[in-house]
Amino acid sequence: MARKDGREDDQLREIKLTRGYQDWPAGSVLVEFGKTRVLCAASVSEGVPRWRKGSGLGWVTAEYAMLPSATNTRGDRESVKGRIGGRTHEISRLIGRSLRACIDLAAIGENTIQLDCDVIQADGGTRTAAITGAYVALADAVTYLGAKGLLKDPQPLSCSVAAVSVGVVGGRVRLDLPYEEDVRAEVDMNVVATDAGTLIEVQGTGEGATFARSTLDRMLDIALAGCAEITRLQNAALAQPYPGDLPAVKS
Amino acid sequence: MARKDGREDDQLREIKLTRGYQDWPAGSVLVEFGKTRVLCAASVSEGVPRWRKGSGLGWVTAEYAMLPSATNTRGDRESVKGRIGGRTHEISRLIGRSLRACIDLAAIGENTIQLDCDVIQADGGTRTAAITGAYVALADAVTYLGAKGLLKDPQPLSCSVAAVSVGVVGGRVRLDLPYEEDVRAEVDMNVVATDAGTLIEVQGTGEGATFARSTLDRMLDIALAGCAEITRLQNAALAQPYPGDLPAVKS
Amino acid sequence: MARKDGREDDQLREIKLTRGYQDWPAGSVLVEFGKTRVLCAASVSEGVPRWRKGSGLGWVTAEYAMLPSATNTRGDRESVKGRIGGRTHEISRLIGRSLRACIDLAAIGENTIQLDCDVIQADGGTRTAAITGAYVALADAVTYLGAKGLLKDPQPLSCSVAAVSVGVVGGRVRLDLPYEEDVRAEVDMNVVATDAGTLIEVQGTGEGATFARSTLDRMLDIALAGCAEITRLQNAALAQPYPGDLPAVKS
Amino acid sequence: MARKDGREDDQLREIKLTRGYQDWPAGSVLVEFGKTRVLCAASVSEGVPRWRKGSGLGWVTAEYAMLPSATNTRGDRESVKGRIGGRTHEISRLIGRSLRACIDLAAIGENTIQLDCDVIQADGGTRTAAITGAYVALADAVTYLGAKGLLKDPQPLSCSVAAVSVGVVGGRVRLDLPYEEDVRAEVDMNVVATDAGTLIEVQGTGEGATFARSTLDRMLDIALAGCAEITRLQNAALAQPYPGDLPAVKS
Amino acid sequence: MARKDGREDDQLREIKLTRGYQDWPAGSVLVEFGKTRVLCAASVSEGVPRWRKGSGLGWVTAEYAMLPSATNTRGDRESVKGRIGGRTHEISRLIGRSLRACIDLAAIGENTIQLDCDVIQADGGTRTAAITGAYVALADAVTYLGAKGLLKDPQPLSCSVAAVSVGVVGGRVRLDLPYEEDVRAEVDMNVVATDAGTLIEVQGTGEGATFARSTLDRMLDIALAGCAEITRLQNAALAQPYPGDLPAVKS
Amino acid sequence: MARKDGREDDQLREIKLTRGYQDWPAGSVLVEFGKTRVLCAASVSEGVPRWRKGSGLGWVTAEYAMLPSATNTRGDRESVKGRIGGRTHEISRLIGRSLRACIDLAAIGENTIQLDCDVIQADGGTRTAAITGAYVALADAVTYLGAKGLLKDPQPLSCSVAAVSVGVVGGRVRLDLPYEEDVRAEVDMNVVATDAGTLIEVQGTGEGATFARSTLDRMLDIALAGCAEITRLQNAALAQPYPGDLPAVKS
C-alpha cells in the first residue's frame, strides 16, 4: 500500500527551480518535480495582439508542448502532424488563464509576455509543474520590464501562483502523482492556488469512476497544503538576484 | 441585484428535452435551457476504432460544435478555418469523458456510440446543456442496441448524468448562468453529477479573480441541487416510449 | 411505377418555411421539403471584405454544411477532417451565386450579408431547399438593414429566387427527388429560377448515363412549374410581419 | 460588335490535339483551343482505391490544376496555400464525372486510370478543353491497358466525349469564349456531349443576370454543333497509331 | 561500363532553351536537358513583400514543383496532400538563393520577380535544369522591367548563372546524370556557378557511402567545365531578340 | 579583425557532450558548441515503416526542431502554424542522411531508430551540432539494441560522424561560426565527415556573393581539421560506460 518512491500520501516529490536556464528570454526557469522537467520561458515583446491594440492593457499568453523524447514511449511531433491535439490546447489555455489571474495587465502597458512551457521529461504532473515554473519565469519577465522602464505600476503581480496534482489511487488520496500512479488513478485533480490560499482553478475528473463530495474535500485539503509548500520554494528561488544582466534602468 | 429574468439565485432556467428530434440517429434529443438549444445525436455503428479492436469493449466518444449563426455575433466556421479551436476540443473531450463514466463499455460489445452535440442557439451553459441532452440520447441509443440484440448485458448504464453551470456574479453565487451573466462572472464552474449525487467532473475557474474555498463549497451546494432537479426532468422524459420504430428484437 | 410517397411525378413534397427560427441573426428560416430540413441564417455585418473596400458595393456570400447526424449514415465532420470537401465548396458557391443574382449590391451599401445554410436533416434536395430558404432569410435581412437605415435604395431585391431538383428515375421525369429516388436517378438536375420565370442556374448531370435533349426540355418544364409554386409559398411566408423586434428606424 | 479574333459567333477557335506529349504516362495529350493549352495525362495503375476493392470494377478519376504562370496575372500555388480552392475541386469533379460517363468500369477490371489536366496557359474554356483532351488521353490509356492484356472487354469506351463553352456576350450568343469575352459574359454555359449528340453535363449560370429559356435553347444549339466538330477532330487525332511503344501483348 | 546513352563521362546531354514558351509572363523559358523538361517562368509584379517595404530593394524568389505526370510512376499532387514536401521546399530555396546571387536587388527597385519552375518531365537533374532555365527567364524579366522604365540601374545582372549535376556511378565520376544513373549513384553533387567560373552553391552528398576529398576535386573539375558549356548555350539563346512585345519605353 | 570571443580563425568553440541527459530514450545526449545547445535523443522501436516491411533492413530517421525560446527573438511554434518550414525540413533530411551513412541498416534488423534533435538554445551551427550529438546518441542506441539482442551484426557502425560549420567573414575563412558571425558571413558551409577523413556531405553557399574555388579548398582544410578534433571528443565521451541500465542480455 506504500508509494513506490517511499513518500507519504501528502508529500511532494523533490522540487527544484533553476532560474536563468536560457540566455535570451527575459525569464527562463527549469522546474523539476522529481523526474518531471519542464523548461518555462517568458519572452517579452513590445506591443499586443491586434484585437487588443489601443486598450492600454498588456497580454500574457502561454503555449505548452512536449518534446517527442520526453515520454516513456516516443510521441509524434505535433508540428509534423500539422495539428495541435486537444490535450495540448487544453493545457496551454489553463496555463495562460492561471497566470493572468495574478497579474494586473494594465500595469505592464501594451506589452506581451509569452510563456513557453516545453516538457523536457514527463513523469506525471507536467501541467502543474509548468504553471509553477511559469510563475517564476513571469516574475523575472516583470523584473526585466521594470528595468526597461516599461511598467505603468511597479508591482503588477497581485499574488503568486502555485499548482499541484492530487488524486485517488487504490482508494487513497495522494499528492503529486508520478506517471505510474497517474495511469491507475480513479480520480485525478489539478489545483491552482495563490499564496493567500485562494483558488484560481480546480479541475477534478473521475476516470471511469465517480467520487463523493467528501473525497473532493480531502483532495482539496492536501492540494492546498502542497501549494503552500510550493509557494515557499518559489519565494526562496526568487529571493536570489535576477540571473543575467538587466537592461540599464531608464531615468 | 435581482436577476434579469426574474429567477432566484439557485433556480434553473426552463429546461425542455425533446426526444426523436431527427429521424436517422438511434438517439436524437433537442435540449433547451432557456434560449440555449443544443441538438444531441447518438449514432450507433458496429465495430470500434482500430486501437480498440479485439478488446471486447465498446466505445463512446463525443464531438461538440456551434453553428456559426448560434451566437449573438456570427462565429467563423471551424471547417472553413481548417482547424478546431482549443475551446471546442476541450468541450468535446469533457462530454465524452462525462458520458463514459456512466456506461459499462463491456456491456455494449465492440460497438461505437458517437455523440454529436451541435449548438443551434447559444445563451450560456452550452456544454452543460450538451452533457444533459447527450445522456438522454445515449439512453435511447442503448435501447436501440438492445432491440438489435447487440448488448452483452441488458443494463449498461450504471447511473444517469446531469450537468449545470454555476458562478459568482456581482458577489452572488448563481445557478445556470445565461450569456449576459456568464460574461461578467467572477468565477465560473461546471459540475457534472450522477443521480446518486456523486461527482464526475468539477471545473471551477476564477475569471481574472481568485475565490475562497468557502465560495467553492457554496457553488457545489447549489450545483448539486440543480443536477438533482435536472435528473428528475431526464427521468420524466425517458419514461415515455422510444420515439420511432425500433428494429425487431432478435430472438 | 408509382412514387413511394404517393406523389405525382410533377408534384412537390410538402414545403414549410418557418421564419424567426433563431433569435440572433437578422434572418433565420427553417425550410422543410418533406423530411429535408435546412436552417438558413442571414447575418448582417457592417463593412465588406478587404478586396471590396471602397467600392461602394455590399457583399452577399454563403456557406453550406451538413450536421454529421443529418444523414442516414453519420458523416464525418469537416472541421475534424481539417478540410472542406469538394461537394461542400461547390454547393456553397452555387448558393452565393444564386442569391447574388437577385440583389443590387450597390443598394445595400458597404455591408455584408452572410448566408449560413446548415442541413439539420437530409432527404434529397438539400441544396435547392437551401437556396429556397436562403432567399427568405435574405429578404428578412434586407428588411433589417432598412430598419437600421443602411440601405442606399429601399428595394435592393430585383426578383425572388426559388430552386428545385428534378431527375429521371426509372425512365420517368420526376420533380423534387427524395434520397431514395436520388440515389438511383439516371439524370439529376437542379434549377434555380426567378419569380419572372427566367433562369439563374441550370445544372444537369447524367449519372453514369447520357440524356437526350428532349429529356432536358421535359425536365425544365416541370422544374419551372415547381419553382413557380415555391415562389407562391415564399411570398405567402413573407406576407407575415418580420419575426422579432426591428431596430428603431433612424430618422 | 464583331469578335476581336474575327470569328463568327458560332465558330470554334483553332483546336490542336498533340498525342504523346510526355514519355511516361500511358496517355499524354496537349490540347489547344487557341491560346488555351492544357496538358492531359492518363496514368494507369493496377488496383483500385480501398473502398472499391473486390468490386470487380475499375476506377477513373481526375485532377485539374493551373500552373501559377498560366494566367495573365500570376496565381498563387495551391500547394503553397495548403488547400485546394472551390473552383479547382468543382472542375476536377466535373472532368472525372464526364469521363466516367463514356467508359464501362467493369471492362477495365480492377485498374485505375488517373487523369491529370494541368493548364499550361489559360485563355478561357480551360475546363472544356481539359475534358476534350482527357478523352483522347483516356482512349490511349485504354489502348495501353489492352496491350497489357488487362481489359475484361476489348471495347470499354461506349461513346466519345467532347466539351465546349458557350455564353451570352453583349446580348449575343457566342461559342468557345476566350478570356476577354468570358469576363464580360452575362451568361456562361459549359456543355459536355457524346458523339451520339446526347448530353452528359449542362451547366448554365447567369453572371449577375438571369436568362430566358429561349436563350438557353439557342446556347444549346450552337454548343452541340461545336461538340460535333470537336468530336471529328478527336477522331482524326485518334486515327493515328499509338504514340510510343506499347507493351507486348500477353498471349 | 559505357553510359547507356553513349555519352562520354564528362559530356552533357543535349540542352535546349526555348524562350517565349508562354504568352503572359515577362520571361518564360522551356529548358530541356535530354528528356528532362522544365518550364521556367519569371513573373514581374510591382511592390515587394511586406517585410521588405520601404527598403528600396527588390525581391527575387522561386517555387519549384513537379507535375504528377512528370515522373515514371505518377506522383501525388502536393496541393491535394495539403503540404509541400521537404524536397520541394529544399529545391525552391536553392533556386531562389542561386538566382539572387547574380542580381543587384537595389537596381530593380521595389519590384518582385517570381520564378516558377514546373517540371513537365523528369529524367534526372531537374533542379539544375531549373536553375539554368530560370536564369534565362530572369534575364528576359529584367529586359521587360527595363522597357517599362522600372530599373534604377540599367544592368542589374552582375553575372550569369548555370548549374549542372555530377556524380559517382559505379566508381566513375560522371556529368549530368539521367534518372537511371542518378538512382544508383554513390555520390551526388549539384554545382551552381557563374560565367566567371566562381561558385554560388556546392552540394555534395554521399548516398549511403562516403567519398574522398580527391573525388570531390574531380567532380568539381568536370562540373565547372559543364557549367562553362551551359553558359555558352545561355548566351547564344539570349543573343536573340526578346520574344514577344515589350512595353513601350517610358521617356 | 579578431573574433569577438577571442578564438583563432581555425579554432572550435568549447564543445561538451553530456550522455544520459534524459531517462527514457535509448540514447540521449546534450551537445553544446559554446552557447548553442541541442538535445539529441535516439528512440528505438521494433518494426519499420510500412514501405520497408519485409526488407530485412532497419531504418534511421531524424527530426530537427527549435524551441520557440531558443532564439534571440522568440520564434513561432511550427505546431501552432500547422506547417513545418522549409529550413526545418532541409535540416531534418540532412541529419537523417548523414547518420545513415555510418550505419549498416541490415545489421540492426527491422528496427527503427528515431533521432530527435531539439535546439534548446541557438547561437549558430545548430545543424552541425545536432549531427555531432546525434552520432553519440545513435551509438548509445546501438549499444541498447545489442543488449536487447536485436542486432544481426555486433558492429553496425562503420564509421563515426562529426560535423562543423565554416564560413568567410569579412574576407577571412573562419571555423564554427557563432550567430553574430553567421549573419554577416559572405560564404557559409557545412561539412559532415567521418573519422577516416572522408566526406559525407558538403554544402557551401554564397550569401549574396560568389566564391572562388581556392576559397572552397581553404574552407575544406580547416573544416576537416575541426571534424577530426570533434571526433576525438566524441570518442572520449563514448569511452565512458553506457549511462543508465541496459536491458539484460538475451542468451
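By letter and in written order, the chains are A, B, C, D, E and F; residue numbering begins at 1 in each of them.
Everything below uses one rule, namely that contacts are C-beta pairs under 8 Å (C-beta built on N, C-alpha and C of every residue); 3 or more make two chains touch, one makes a residue touch a chain.
Here is each chain with its UniProt name: A, B, C, D, E, F = Ribonuclease PH.
None of the values given here were measured: they were computed from a predicted structure.
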| item | value |
| --- | --- |
| Given chain B (Ribonuclease PH) and chain F (Ribonuclease PH), the chains that contact each of them | A |
| Recurring contact interface, reference A-F, options A-B, C-D or B-C [over half identical by residue number] | B-C |
| Centroid comparison with chain C (Ribonuclease PH) (C-alpha atoms), farthest chain | F |
| Interchain centroid distance [CA atoms averaged], chain A (Ribonuclease PH)/chain D (Ribonuclease PH), Å | 59 |
| Rounded Å distance, chain D (Ribonuclease PH) centre to chain E (Ribonuclease PH) centre (Cα mean) | 32 |
| Geometric centre distance via CA averages, chain F (Ribonuclease PH)-chain D (Ribonuclease PH), whole Å | 51 |
| Multi-partner residues of chain B (Ribonuclease PH) (at least 2 other chains) | 82-83 |
| Pairwise touch network: line, ring, star, complete, or other | ring |
| Going from chain A (Ribonuclease PH) towards chain F (Ribonuclease PH), every chain in order around the ring | A, F, E, D, C, B |
| Complex contacts: residues of chain E (Ribonuclease PH) adjacent to chain D (Ribonuclease PH) | 22-25, 28, 35, 39, 41, 43, 45, 63, 65, 67-72, 74, 77-84, 88, 114, 116, 118, 120-121 |
| Residues on chain B (Ribonuclease PH) engaged by chain A (Ribonuclease PH) in the complex (per definition of touch) | 83, 85-87, 89-90, 92-93, 97, 100-101, 159, 194, 196-206, 208-213, 216, 220, 224 |
